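Below, each structure is written out as structure tokens.
Below, chain A partners chain B and then partners chain C, in two separate complexes.
And then the complex of A and B:
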């Protein structure tokens, strides 16, 4: 509970900065609208104003600054506007019994969550399997590891459409599968790297000790390497699930998907509704926060049961 | 029957700076029930010799037998327990769980595991700590638990590589005394590597003095001290005479050049 106060303070500061930024960000739009409705604005004309700094515009037209905090299509919405939009597309729809409507962020969040979880499980499985191969096989260590690193240098935005085209060619219906693949593609890497480090974390003397017991390699894997890697695994899983969510959203962006948080962001952009973009963005952030917090709880309880302080 | 016999044992490590002679022409016999200390400065090969006995290093020349067979066969027959300088307990296992580790690997049944854990915990004076985790114990207690782990199965030989090297002197005195009692009760053969002259003289029936470059034996001292050794024995003339001879042996090997 002691961590609540610092978190609230930082959050408060961020919201304050955000609130202050709304004025200069929206001044041009509010001046355009004021001019159109017949008010006098200095200097006149949208084109003339382009060469004037926002600070000067605000000073010369201080009466119109407040209008920037209540626009329908602002450059930068206020925190209150985003909060209202979020409520309108989640809680308010639940109360009207329409939580699964296509306009509800709960519906879109659920679509994204499904792909994220599939991608997370797939990526974790691939990461762990790859790490075991790398630790136990010299050939895998020399051949797999460089490719794993190279794979992360390719921009996922370039790769995502190809994965969707290929899975379409293979006759896979729906977008869930290719999205999960893209998500797993981002997720497996932190798990792989963390598990390699974790499986190699036992000291030489601990491996020597097992040798003096004449332990089989399966025994030394199950009794030493695997439990020793658990703290490393959880750290990687937390990075991995955030990467999986990003992967899913990226998978929804350039691919013409119509549902999912990524699709909401893209549609909001195409239709010029910044509020939709921002509320989808916040929904994604909240989803990521919840997922990481859940993993953190699992980590704490697991490590506590294993006798290790988290 | 002698437990360990080494004849002209050589071990040379090939490194980037040329060959390093860790052991050269080592001849040694350890009899059953002896307490043998290996003393010498860093690089004299005392730990290497212990590791050769344990089949953790392969000699490059000469011969060595443990219980009349090769070190590898002795290892596969689980003839010895090994205690490292770091206790190396698994943090995710309780003290009891750590002692159970070799028993699980060697396939003892559950009832026998529990019985042996209780017995060895009693032997190292840690009864009542079975359900504690290693971080809840002091360094000295952790090292006792690691000795218990080495005693849990029926190995006749105990190989100890500076087990008390990282502990303070007060704890060390106490553990030395306990180790002698344990040795008397279990009648194991113990090979013990140390940096400390008083520790070597206090514990051993035989002291092997070694020197580096190349690693070799410079003196083997059969201790005239009685088997019954209170801590006060360290102030007797006999004790000091043995300690003096050890020091002479170290100096003769130019160990501290």
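And then the complex of A and C:
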């Protein structure tokens, strides 16, 4: 709790820097617009202005600086503009009963969330299964583990368009499937590594104790290894769900998807509406925060009920 | 069908060999530790080849590995040009700028305990965000050439390295810092001789995570506009024009570069943090 004040201070400083940066970032655009509407701007003509530094432009045309804070298509929107856009596409639409409209970020967030969760479950399942195989089989340990590491050094985005083409050709309908594959690909690795660590965390003496009880290997798995791995599991699940969200958005970006937060970013880029990009980015950040916080809560309650300190 | 049967036979034999190798008394040897995963990976390629041939899958959907290898050999010119554009110009420059900036920032932040406590949670949070999404914005700001790619890479690698370095700089304990004080060491001396070396394992952790991010950033940024070269450009146009074998060749390059980049950083880490228990094994 004692880090609340520092966090707020740093956040405030970041927002202040952002706000101050809007002026120089947008001055050229706002001067172009002012000139077009007949105001006198020094120096005249946007080509001449290109060689003049933004600071000089701001000093010479101080009257037009404030226009940069209220542009429709700014190079850098103000925090307030982004907040308004976010509200307009979420809260305001809910109040008008149009939460599921195609223009609402709630709808797009939901599409992204679905793929993220599918990818998360798939990736977690693969990760846990792989970890069990690695812990129990020597061959799997020696052949799978290096490839699991190498798989993460391969930039998945290179594969993203391929996965979408192949699954489209194979007749898998729906755009959710390829996105879920990509997010599972990014998500399985932290789970695998965490679970291998967790399943191996019981000490030799504990395993020996179970042997003296004449426990079968299934019993020692269920009663010792699995419970011992739960804290590791949750830590890696939190990394995994964030990775799954990144995967979904990466899957939506380059592929011409039409719904989802990544698609909003893509469409905002194609139609030249920066506010749509920024609001989608912040919606993605909020989604990531909510998902990680939820898992954190589940972790705390589970560990408490299992008698382990969170 | 014979292709499939051959592939399946190869799979079973390779599996048997691997089980035998892992159980044999040479299983600890370096050669065997490398041979087993290599054989495993090769088996996957053979199965892929067998499946594609046996079921007559069109090369427009999934080309067999042999065809990819052929394309790779025939188009080294294009691949080299793309490699230079994306990796040497975009990813590596961005990585270098981002890493230096992040380390300098971490050292600056570290001087204030207040800032550290405020920035660590935020940095951790931002490091988990889908930052690739800013690619279109930065392409808009910095133009189509490598500068925008490098900018995306800078932003993507900055936070993981920053967070890890800040954590690493807090790694020294009171006793060690007191010792430096009894030596009358200045802040700079303590930093260079004690705290930076102690932070190295953490810093390299961030640097290793950032290698993949750098390539992802450079490739994704090219999807949003680039000159007519570059790996991301080639992949997105290749998918459109159904020259899928070239796309797979680019993917192979990306995989090789990604692994080599990671391996290179890991190699440097081994040289720099030779004293750390994890490296002495």
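We adopt the following convention: the second predicted complex is superposed on the first by the 303 of 310 C-alpha atoms of A that agree within 3 Å, B and C clash if a C-alpha of one lies under 4 Å from a C-alpha of the other, contacts with A are read in each partner's own complex, and residues count from 1 in each chain.
As a working rule, a contact is a pair of C-beta atoms (placed from the backbone, for glycine too) under 8 Å apart; a residue touches a chain by one contact, two chains touch by 3 or more.
What you see is a predicted model, and the numbers here were worked out from it, not measured in a lab.
Enquirer: A:206 in the overlay: touching chain B, chain C, both, or neither? Say first, second, both or neither.
Expert: first
Enquirer: Check the residue A:155 against both partner chains and state whether it touches chain B (first), chain C (second), both, or neither.
Expert: Touch partner of A:155: chain C, not chain B.
Enquirer: Figure out whether A:184 sits in contact with chain B (first) or chain C (second), or with both, or with neither.
Expert: A:184 contacts neither chain B nor chain C.
Enquirer: Looking at chain A, does chain B or chain C touch a larger number of its residues?
Expert: Here the partner covering more residues of chain A is C.
Enquirer: Regarding the shared-chain residue A:307, is it in contact with chain B (first), chain C (second), both, or neither?
Expert: first
Enquirer: Between chain B (first) and chain C (second), which, if any, makes contact with A:283: first, second, both or neither?
Expert: neither
Enquirer: Between chain B (first) and chain C (second), which, if any, makes contact with A:139: first, second, both or neither?
Expert: second
Enquirer: Can you list the residues on chain B that touch chain A in the complex?
Expert: Within the complex, chain B touches chain A at residues 54-56, 75-76, 78, 80-82, 84-86, 88, 90-94, 101-102, 104-106, 133, 135.
Enquirer: Within their complex, state which residues of chain A touch chain B.
Expert: Residues 203, 205-206, 208-215, 219, 223-224, 227-228, 230, 306-309 of chain A touch chain B in their complex.
Enquirer: Considering the complex alone, what residue numbers of chain A touch chain C?
Expert: Spelled out, the residues of chain A in touch with chain C are 2-3, 5-11, 14, 75, 138-139, 142-147, 150, 152-159, 161-162, 165-166, 169-170, 239, 242, 245-246, 249-250, 253-254, 261-262, 265-266, 268-269, 274, 277-278, 280-281, 284-285, 288-289, 292.
Enquirer: State the interface residues of chain C toward chain A in the complex, per the touch definition above.
Expert: 18-19, 21-23, 27, 33, 36-37, 39-41, 60-62, 114-122, 125, 128-130, 132-137, 139-141, 211-212, 215-216, 219-220, 223-224, 231-232, 235-236, 239, 244, 247-248, 250-251, 254-255, 258-259, 261-262
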